[in-house]
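Below are the C-alpha cells for one structure; questions will follow.
As written, the chains take the letters A, B, C, D and E, and residue 1 is the first residue of each chain.
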C-alpha cells in the first residue's frame, strides 16, 4: 500500500500555478481584444459581458491587457530571479564556505550594491545600454544578488563545519561538490522561502520602478506597469487596479504555496 | 502497578511501505523496579521508549495499544495533559547525546529546564539544583560547564549532561536509552551507582536500555529481550542470563566481548 | 492692456469675484483660525525669487514677492512696486515711478536703491555678469534719476520686456541671504520652509494695497507628490486647496468640493524632429497630422476637456489664438496614405516616440497616437525616459525622432510660443526651418505696432500649422479643487496662485 | 620497522580563541605502524576524539609534529548521526566514497554498496532511508560502512561499536580484523570498552587529562598496568564483568 | 580584538569609498546635470556655462571627485545645487525623520512577524498555518504604493484614526510617532510577511531536529518549545534578512514617503537623483552605505552570538 499524504499546499499551489500559467499561456496566443487597441466609447467602462474586466481610461480592454501583462511580468520576474538567485547562490555559497578575506571583500561589495540607489543604477544601465526592458531587468537582477548571497552565505556558515561536511572532505570529495551536492540540499528549505520571496519582489520591482518614473515597459503591458498606470484612477476605475493586482497576487500566491508544498515534501522525509 | 504497557505498537507511515518498528510490546513495572531491555540493534528499543514518553509525532507514525502510567493511559492524552507527566513523572535519557541537546542553549539552561517548566523555583535555586544534578552525573567542574555550549563538550560529557537533565526533577519513571555508551568504565560505574541510589532511596523505577549485558545484569531485576520489534523473551535477570530459553538470547550472551583476541579471521566461537 | 505709453490703472484686469475688501474677518469664528493648507505636487527647492526655475515655485512666490509690475489674471501686467511707467517711442527706455508707501516685510520702505540693486541682480551683478533672468541680457543701463524714479535702458527695443519686470524687488544686498530671509513686498510674508515638507506664510499687515490685502491669516503649502495622496488629503480635511489635478479626477472630487477647471497654458503636441528622416519631409508630417485624430486624443487624455490648438499657441492668449487652425487637419486616413505615398513611404515606416515617463498625460497621448498611426502603416515605439534625461537628450540634445510633451512660454508671452521655432533659435528643439516663418517673425519682433505684430504672429501660427511643423494637439485641462467653504479663487492665465483673494465664506 | 603511518610527537592542541582558549592535548606522542591497530582508551573528556581529529587535520590550533602518511585517512565519528548528511539517503551516502574514489559506473557502485551491506548487518531496504529514519545502531553501521568502503589505509574509529548489540559488535570487530589482514589497514581505535580494545588492538594508549599516561602492548598493559589511572580503569572494568 | 576591529573599520571605509566612487561615476554616465534642475530647461547656454564654471562642473570627473572627497573627509558635505543650502543642513532633518520611521517600522516588523511565525509553525499544515501562509503571501504581493494609499484610505478616510498630514517632530514626539505608525505599517506589512515566511520555513526545518524531542520530553508545550528552543536556532537566517531590511527601509521607503508626504531620506535621494544634485546624493548614499554595512556587521556579530558553533572571527 502506498501511503502518500495529500499536501494541501502542494495541491492548492499547484492548481493555482497551473491556472495562472494557463492564463499566461493563453495571453501569448490569444486575447479577446488587442491589448493596445483603444476604443473611445469604452473609455472607463466598468466590467461587463463584453469586457469582463472592464476598460481603462484609454478604452483598452483590461482583460486582454492582463492576459498579455501576465506574460511579460512572468518573464521579467523569472529573468530577474534567475540573474539574482543564481549569482547570489554561487557568491553566497562560495563566501560562506570558504570565508576569509575574499568573503569579507565580496560581502562589502554586496553591501555597496545594496546601498547603491536602485534608481541610479537603472539610469546608468539605461544610459549605457539604451532603453529596452531587458536592460533594466538586468539591473534589477544585479540588485537582487546581495540579498540572496547573504541568505545563502549565512546557511553555509552554519553547515561548513558540521561533521558530515568534514567527513566528505576526508573522503576527498571536491570542494565544489561539497558545496553544491552535499551542503546545498540542506539549505533548500530556507532557499525556497528566499526564492518565493524573491519572485514576489521581482514581480513588484518593475512596478516600483515605473512608479518612480523609470519606465521599464510602455507599449507592451506588464502587470506592474498596468498597476502603476492605474494609479491615478485607483478610486475611480478600481477594476484597472483590481484585476491586474489580482493576477499578480494569484501568480505570486500560487508560486508561494507551491514552494511551501515542495518544502513540506522535502522536509517531511528528512525527519 | 506503576507502568502497564499493553500491546504497544509503533508503525511508521511516512514512507512508501508502512513499517512496524514495535510490534505488540507489553510490560508491567512496579514502583522501584529496574527493568532492562536488551536486543538487536534496530529492534525497536528506542522507539518503545519514545512511544512511552509520547514523543512520536502522530503525523509520522501510528502508535497503538495502551500505556497506563499509574492507571492513566498516556497514549491518547492530549499534549497539554501529557506534558504534565513529561519531565516530572517520566523522564528520558536519549541515546544520541550529540544531537539531543540544543546547540544554541547553554548547558546549564538545558539541565534545569524541567525545573523551570514544572516548578516555581527561583533562578538561584534552579541553578543550585542543576549543579547538584550535574555533579551527580559525574560531570567535572559543573560551574564551568554551566555556561558552555554542547559543541564544546566531549561525547561522554554530553551524555552526562543528558543524564543530569533527566535526573534533575527526580522522576518516578526514568527511561534510560543506552545512557553509558560514551562513558569510560570508571564513570560508567559511578553513574550506575547513582542510578541504583536513586532507585533505592526514592523508589524511582528505571527502564534501562542497553547493549552491555554486564551492566544490565548488574543493575536490573528483570530483563526484556527484543528482536525485530517483538519481545522474544522476558523474565528475571538471573533466569534470562543463566538459563536463556530462546536461541537469540543465547546468541547474545555468547557474543559478549571478552579478553579474547581476534586475529587473522580467527573464528570467534 | 499693454497699451504703450499709457498709465495703467492699478485695479484694471482684476477679476470681479471676491474683490471687495473684507477687513472685518473674525478669525475666531473661522475654521482653523482663518488659515488654509494648499497641496502642491511639486517640491519647492531653490527659493531665490529672481531665479525661480519652476512654475511651481513661481506660483508660490507670487504671494511673497512683487516686481515693479505684477501679473494680472488676464495675462497682462499691472503696476506693483511701481505705480506707473513710461516707454520711450523707440521702445528702448522704460521709466518707472516708484509707488509711495511700499514696504518690505521687515517694515523698511522700498527705495530706488533697492530697486536698482534688485534689477541689477537680475541682470547678473551677483552671477559674474550672467543674467539670472535671460531677458535682462537686453538691459544696457539701469539708473535712478531721483528717489522716485528708475530708468531702464535696453539695447534692443522690446515691448515685452515689461513682462520680465515682474522680477522680485528685494532689499538691497539681500541677494546672498534671500533664500533664508525671503523678504519681499507681497501680501504675505514668509514664515518657514522645510524642504519636501512645507512652506508657511502669513498675512503681511503692512501691505501697500490694503484693498487687496490678504484675507487669510496663514497659508501653508504642503508638498505632496502623490496624486492619490492629494485627493486623500482633500477628503481627509487636511488640504483646502489643490492645484493642477488632472481632470480625470473630476468625478472623484466634484461632489464634495468646489471644482474649478482651467487650461494649462501650454501646447501638447507630438513634436517631430524636423532635422531627421522622414520628418524633414513636409508631406510626411502632414500625412501624420491627417492620420491622427486630435479630438480623440483629447477625449482619451483629458476627457475631452482640452482645447485643440492646431498650432503653437494656447487659447488663453486670446488675442493671438486662432481656433480655426485646429480644424485644418481632420482625420483622413486615405489622404494620409496618399501623402505618404507621395513622400515615398507608401507602406509607412517605423519611428520612435520618446516621452517623459513621469507625465501620464504625455504617455497616454503617445499611446493613443501610436494606435492611430497604425492605420496608415506607421509603427511607432514608445520609449519612456526619466525627466532629466528627456531634457538633456531630447530637448537640449535634440537627439530623438519624436516626442510627446507640452511647451509653455517661459515668460508667459505669445512671442515666446512662436519665436522658438525660428531656424536658429536656441529653443527650436524640433529644428523647424522655414524661411517665411523666420521672416514673418523677424518682422513681428521689430514691430512696435501691436496690431501689426498681432497679425504677423497669427501668420506665423498659420505657417506652423500649414507646414505641420509638429502635430499640435491641445492645451490640456486641469483642475483646481477647493474646500467649499472657501471663495475668491482667481485663475490667472500665467503661473500664479494668488492666495490674497481667497477667504472663507462669510 | 617500516615508516609509521601516523607519527605524532609532542602534540599540543587548543580549542577556542582569546580568553576562552583551552588546551586539550598536552605533549602527546605516538606512532602507528602500517597494519597495526592502536587502541586509545581513557577518561571521558580526556581528548581522545580531539586526538583523532588532529590526526585527520580537523583541528588547526596545534603545535608539535604530526605526520600522516596515508592518502585520505577515514574516520568513523563518535556521533554517527552528525557525520551523515541529513538530506541524503543511505544509498547515496554509501555511494559517495566510491564516486570520489573514481568508480564512474553507477551499476558498479550500487553493486559494491549492496555487497557491503551484509558485512555491517544492514539490509537493502535501508538504502532508501535517510539517516533520521534509522536507529542509533543502524546509523553507526552506515558510518562505519562509509568509512570502510573506500578502502583507505588508515582509519580512525571513534567509538565505532558503542551503539551496537553484542552480536553485531562481534560481527563488526571481525570485519575490521579481516579487512586489516586482507588489506593491511591501520586503525586508530578509540573505545571505552576494554574488552573490545583487547580483542582488536595490538597496542593501547591510555589517556587522561589530555595526556597519554601509558602506552604499550595490549597484553602487557592489561596484565601489568603501571599508571594509577590504568589500574583504576581495569579494576572498574572487571567489576562489571 | 583591536586588530580585528581595525580591519573591520578599514573594510567599512573601503565600502563607503567604493559606493561614493560608484555613485560619482554614475553621474558622469547618465544624461543631464544639475544646471537644468537649478536654472530650468530654458536656461541659456551662457547661463549654463556660467553655472558650470562657478561650481566646477566643467572639471573632469576625477578632479571633481577629488574635490568632493577631500571636502567630505573634512566634514564639508558641500552645497546642494537645487536647494542652495548646505547638504548637511538639508539632510539632517531628513535623517531624523527616516531614522524614526525606520525604528517604528522595524519594531512593527518584529512585533508582527515573530508571533505570527510562531503561530503558523505551531501546527504546520493546520488551518491557522494555512491562513497565515496565504495571508502573508498576499500581503507581500501588494505593491507598496497601493499598500500606502490603501492604508491611508482605510485609516484616514474610513476609520478616521489619523489626519493624513505629516506631523513633524517639532510638533511633539507623541503626535509625531502617532502619525508615523501608519506609514511604518505600510512599510512593515510586506516586510513582516516576508519575515513570517522565512521564519516559518526556518522553524519547520528546525522542528525535525532531535533536540526538539528532548524539549518535549521535559514537558515543554508546543509553544514553549518553539519559543525557547526553536526560535533562536530558526532566527539565524532571519537575522540576515532583517539586517538587510533595515537598509531597505532607510533607502527604499520612497514610495511610502511620497504617499504619506513624509520628508524623508528616500524622497530626498530620489528627487536629488532626478535633479542630478550629486552632493546631496553622495552624502545620502554614503550614509546609507554606512547603515547597510553597519547593519550587516551587526547581523554577522549577532549571527555568531546566536549560533555558538560558528567560529568567532
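We take it that a residue touches a chain if its C-beta (ideal position, glycine included) is under 8 Å from a C-beta of that chain, and two chains touch if they have at least 3 such contacts.
Predicted, not measured: the structure shown is a model, and the values here were computed from it.
The interface with the greater number of C-beta contacts, when C-E is set against A-E, is A-E.
The most central chain, judged by the distance from its Cα centroid to the centroid of all protein Cα atoms shown, is E.
For the pair chain A and chain D, the distance between mean C-alpha positions equals 48 Å.
Between chain A and chain C, the centres computed from C-alpha atoms are 44 Å apart.
The distance from the centre of chain B to the centre of chain C, each centre being the mean of the chain's C-alpha atoms, comes to 89 Å. The set of chain D residues touching two or more other chains comprises 79, 81-82, 132-133. Residue positions of chain E touching 2 or more other chains, listed in rising order: 30-31, 145, 149, 153, 208, 210, 274, 307, 309, 311. Shared interface positions of chain A, defined as residues touching 2 or more other chains, are 123, 126-127, 213, 231, 234-235, 269-271. Touching chain E in their complex are the following residues of chain A: 7-9, 99, 104-105, 107-109, 111-112, 114-121, 123-124, 126-128, 146-147, 150-151, 153-155, 157-158, 161, 189-190, 192-194, 196-197, 200, 203-204, 207-208, 211-213, 224, 227-228, 231, 234-235, 241, 245, 248-249, 252-253, 256-257, 260, 263-264, 267, 270-271.
Chain C makes touch with chain E in their complex at residues 37, 43, 45-48, 51, 53-54, 127-132, 134, 137, 179, 194-197, 222-226, 228-229, 232-233, 235-238, 386-389, 391-393, 395-397, 410, 426-427.
By the touch criterion stated above, chain E contacts chain C in their complex at residues 30-33, 36-47, 49-51, 53-54, 82-85, 90, 93-94, 145, 148-149, 152-153, 156-157, 160, 163-166, 168, 258-261, 263, 267-268, 271, 274-276. Residue ranges of chain B in contact with chain E, taken from their complex: 50, 53, 55, 79-80, 83-88, 91-92, 94, 96, 99-105, 110, 113-114, 117-118, 149, 151-152, 162, 165.
Put simply, chain D touches chain B in their complex at residues 15-16, 41-50, 78-79, 81-82, 121, 128-129, 133-138, 140-141, 158-159, 162-170, 173-174, 177-178, 181, 192-196, 198-200, 222, 232-233, 236-237, 239-241.
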